[in-house]
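Naming follows writing order (A, B, C, D, E and F), and every chain is counted from residue 1.
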Amino acid sequence: MSIENTPALPAHSREASFERGMEALTAIDGAGGQKVIDSLAVISPELGHQVVAWAFGEIYVRPGLAPRDRQLVTLGMLTALGGCEPQLEVHINAALNVGLTADEIVEALLHAAVYCGMPKALNATFVAKKVFSERGLLRAQAA
Amino acid sequence: MSIENTPALPAHSREASFERGMEALTAIDGAGGQKVIDSLAVISPELGHQVVAWAFGEIYVRPGLAPRDRQLVTLGMLTALGGCEPQLEVHINAALNVGLTADEIVEALLHAAVYCGMPKALNATFVAKKVFSERGLLRAQAA
Amino acid sequence: MSIENTPALPAHSREASFERGMEALTAIDGAGGQKVIDSLAVISPELGHQVVAWAFGEIYVRPGLAPRDRQLVTLGMLTALGGCEPQLEVHINAALNVGLTADEIVEALLHAAVYCGMPKALNATFVAKKVFSERGLLRAQAA
Amino acid sequence: MSIENTPALPAHSREASFERGMEALTAIDGAGGQKVIDSLAVISPELGHQVVAWAFGEIYVRPGLAPRDRQLVTLGMLTALGGCEPQLEVHINAALNVGLTADEIVEALLHAAVYCGMPKALNATFVAKKVFSERGLLRAQAA
Amino acid sequence: MSIENTPALPAHSREASFERGMEALTAIDGAGGQKVIDSLAVISPELGHQVVAWAFGEIYVRPGLAPRDRQLVTLGMLTALGGCEPQLEVHINAALNVGLTADEIVEALLHAAVYCGMPKALNATFVAKKVFSERGLLRAQAA
Amino acid sequence: MSIENTPALPAHSREASFERGMEALTAIDGAGGQKVIDSLAVISPELGHQVVAWAFGEIYVRPGLAPRDRQLVTLGMLTALGGCEPQLEVHINAALNVGLTADEIVEALLHAAVYCGMPKALNATFVAKKVFSERGLLRAQAA
């Protein structure tokens, strides 16, 4: 027996939103976003759809805030929420993809210590360490 | 040297509450609940006792809310709290045990995106994926 | 000088989603929901639109979870999040509107003490007290 | 029509726990605790009962941690949770009642800035300001 | 009797950090920041000192992230934390002071709905409404 | 290419604060604290500096609250925040180092159930179990 997710509502333009969102998702998150969507396919394809069609296709694509600025807000939120390390990993990659420098990201997470306290700033910084290490961006240790 | 937990208060009916709670815990959580209690035995048997005797023996057993409804509230709380993946695993199993369908659980976690945001909805959905996978409930991937 | 919110994206079916959502919002939240949307008009009409067209028009209307069950999950989330007393007020009203009894709501908030602790359970219960008082549902105090 | 809360479970020793808890509650929280219980009477007497009989009658009375130490832990938790200002007010009073000095409380909330960030430390400190003001404990402002 | 806060540690350069921080605080927060410091004088002057000398004098003044970018991160964090409406009020003013437009702020809080959920996005947007109203920045309502 | 963190501000007495903080950190956290600082060296040495020079060199060293009392507050905060298991591990060790007994720690985490709910109390207790196990402090299981 397998679950049968609730059938999607009669589509009116789900496809258009989804296409627009997928384009934005790919530009911003790269492979990381697509991997999340894929991993939802067997459990909650509608959640995957909404991440793409709503979060990216309705909100991210709006011209009112630059992609780089959206990631600054997002890094702040994910650090503050706590327990969102998988999403932080995706969005630290995204932040680099849309033009934030590694130094700006590190500085944003230092700034987070003022508002979220040291533990959450540390947790987020260690996620950045993992991402920067994978992308060859870690500073050389002082000899 | 080993710790010696504070001796229990003079019992007046700890046993009765505990027995009633253990019955409820077993009916709702199955093996998952008992495993948590067992793993507390060497560190905080009193916390184990209170989970059984108070949470289950005093609150869960009250007739004012159906077991199925209690799990809906619980799934909402655990998703919102964040960082409670071990408890979500126990309670997604519990939700299935008391009559929620896999589809209703998936839909409840999609609903959670509206109130808790996408990251927490995703974290909870991936816990559901693990539980459904272990219980053979995952939908077949579209070919 | 007044702010000029980012113009909406080229509509493809914003109206259809909005209409469907407004119908659901009215049925579930009654006047409370409409008041929130109205109060957003001068600051963030797009947020008002998304509450209606996405939260209600895309998620709430899905048949996979009964309206009553959605409110149980929602009460759990809002209690756990903390600081969401205005939304709790709307949704305790909504819960009554879709068929939960006052007693079931009180019991759900007692159940919340197990998972969120006493302070959040108390905060939510005092919101319920305000709503029930306005609707004439408070129990008569024992003489 | 008024709500009729779920009848209490067949009592086995609810009274004994309640009496013991009420004694502890009065000693620790003074009038503040009783006022919370009273205000629950018309909405959720069972929540009031559990605060007294369980939180105070089962946990607080345990000899394993001094009353003063319990309030230090409690101040930390309430500051970190956020949105629990009413409970902080009760427990800053309680902390003074069980022997913490005003200076120790202020210092504990300064310490909280390290772990919870400045906003939550500020929120808690302003609650302490209100309590200390009511009890005539505010330092004279430098002339 | 009045509390006597723990005497400050032997100063080594508290004054220098404080002066630098006060300059930054005034430039960024305007009157709002000073008011918070003043209101701490009778309860926790050291917390006031640390907000100025550490948060502003050590972190904010670092050149690694533009003031405007620091406010974007800060708005994200305060929205996500919840229960920080007083700080949001200060920082929405600050955001305007350092060059974010009202529209960018509104868009950032709409973006927050994706990551923090609707209730926290709504709470933050209503704080923005209050600030914009005080500064004459609200859009004229459609006639 | 490697990141080059923002150069430190013109030092005025960073060294003095750092030295004082490192002494405190070593006395309280033992090896655990130093390990965290070391692991920050290649990603955010300034965050490492601020943990030592500010959190320990400015706040922890203040005489207004005993080291033992600071850990009680800290255990409360870390349990309530959630998702801070790495920091809890450091601070349960620290609590033992500054004179709290294993039993007092276990009792503080039981007390946490009242204010944070069972899931967070359980998460923290399982971190204590790991630490006590490493330090040979677990109670012998009843035969």
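Throughout what follows, a contact is a pair of C-beta atoms (placed from the backbone, for glycine too) under 8 Å apart; a residue touches a chain by one contact, two chains touch by 3 or more.
Since the model is a prediction, treat every value here as computed from it, not as a measurement.
**Student:** For D-E, which listed pair, A-C, A-D or C-E, repeats its interface with over half of the contact pairs the same?
**Tutor:** It is C-E that repeats the D-E interface.
**Student:** Which pair, A-C or B-E, has more C-beta contacts?
**Tutor:** Between the two chain pairs, A-C has more contacting C-beta pairs.
**Student:** Provide the C-alpha centroid distance between chain E and chain F, rounded to the nearest whole angstrom.
**Tutor:** Chain centroid spacing, chain E to chain F, equals 27 Å.
**Student:** Taking each chain's centre as the mean of its CA atoms, how far is chain D from chain F in angstrom?
**Tutor:** 25
**Student:** Which residues belonging to chain A are in contact with no fewer than two other chains?
**Tutor:** If we look for residues of chain A contacting two or more partner chains, we find 5-6, 46, 50, 54-55, 59, 62, 64-65, 77-78, 81-83, 87, 103, 106-107, 110, 113-120.
**Student:** May I ask you to sort the chain touch graph into line, ring, star, complete or other?
**Tutor:** Contact pattern: complete, every chain touching every other.
**Student:** Show which residues of chain E lie in contact with chain D when the two form their complex.
**Tutor:** Of all residues in chain E, those touching chain D are 1-6, 36, 39-44, 46-47, 50-51, 55, 77-78, 81-84, 86-87.
**Student:** Report the residues of chain B in contact with chain C in the complex, numbered from low to high.
**Tutor:** 54-55, 59-60, 62, 64-65, 69-70, 72-81, 87, 103-104, 106-108, 110-116
**Student:** For chain C, which residues are in contact with chain F within the complex?
**Tutor:** Within the complex, chain C contacts chain F at residues 113-120.
**Student:** Spell out the part of chain F that touches chain E in their complex, as residue ranges.
**Tutor:** Chain F residues touching chain E: 5-6, 9, 12-13, 16-17, 46, 50, 54, 58-59, 61-64.
**Student:** Which of the residues in chain E end up touching chain C in this complex?
**Tutor:** It is residues 82-83, 101-103, 106-107, 109-110, 113, 117-123, 125-126, 128-129, 132, 136-142 of chain E that touch chain C.
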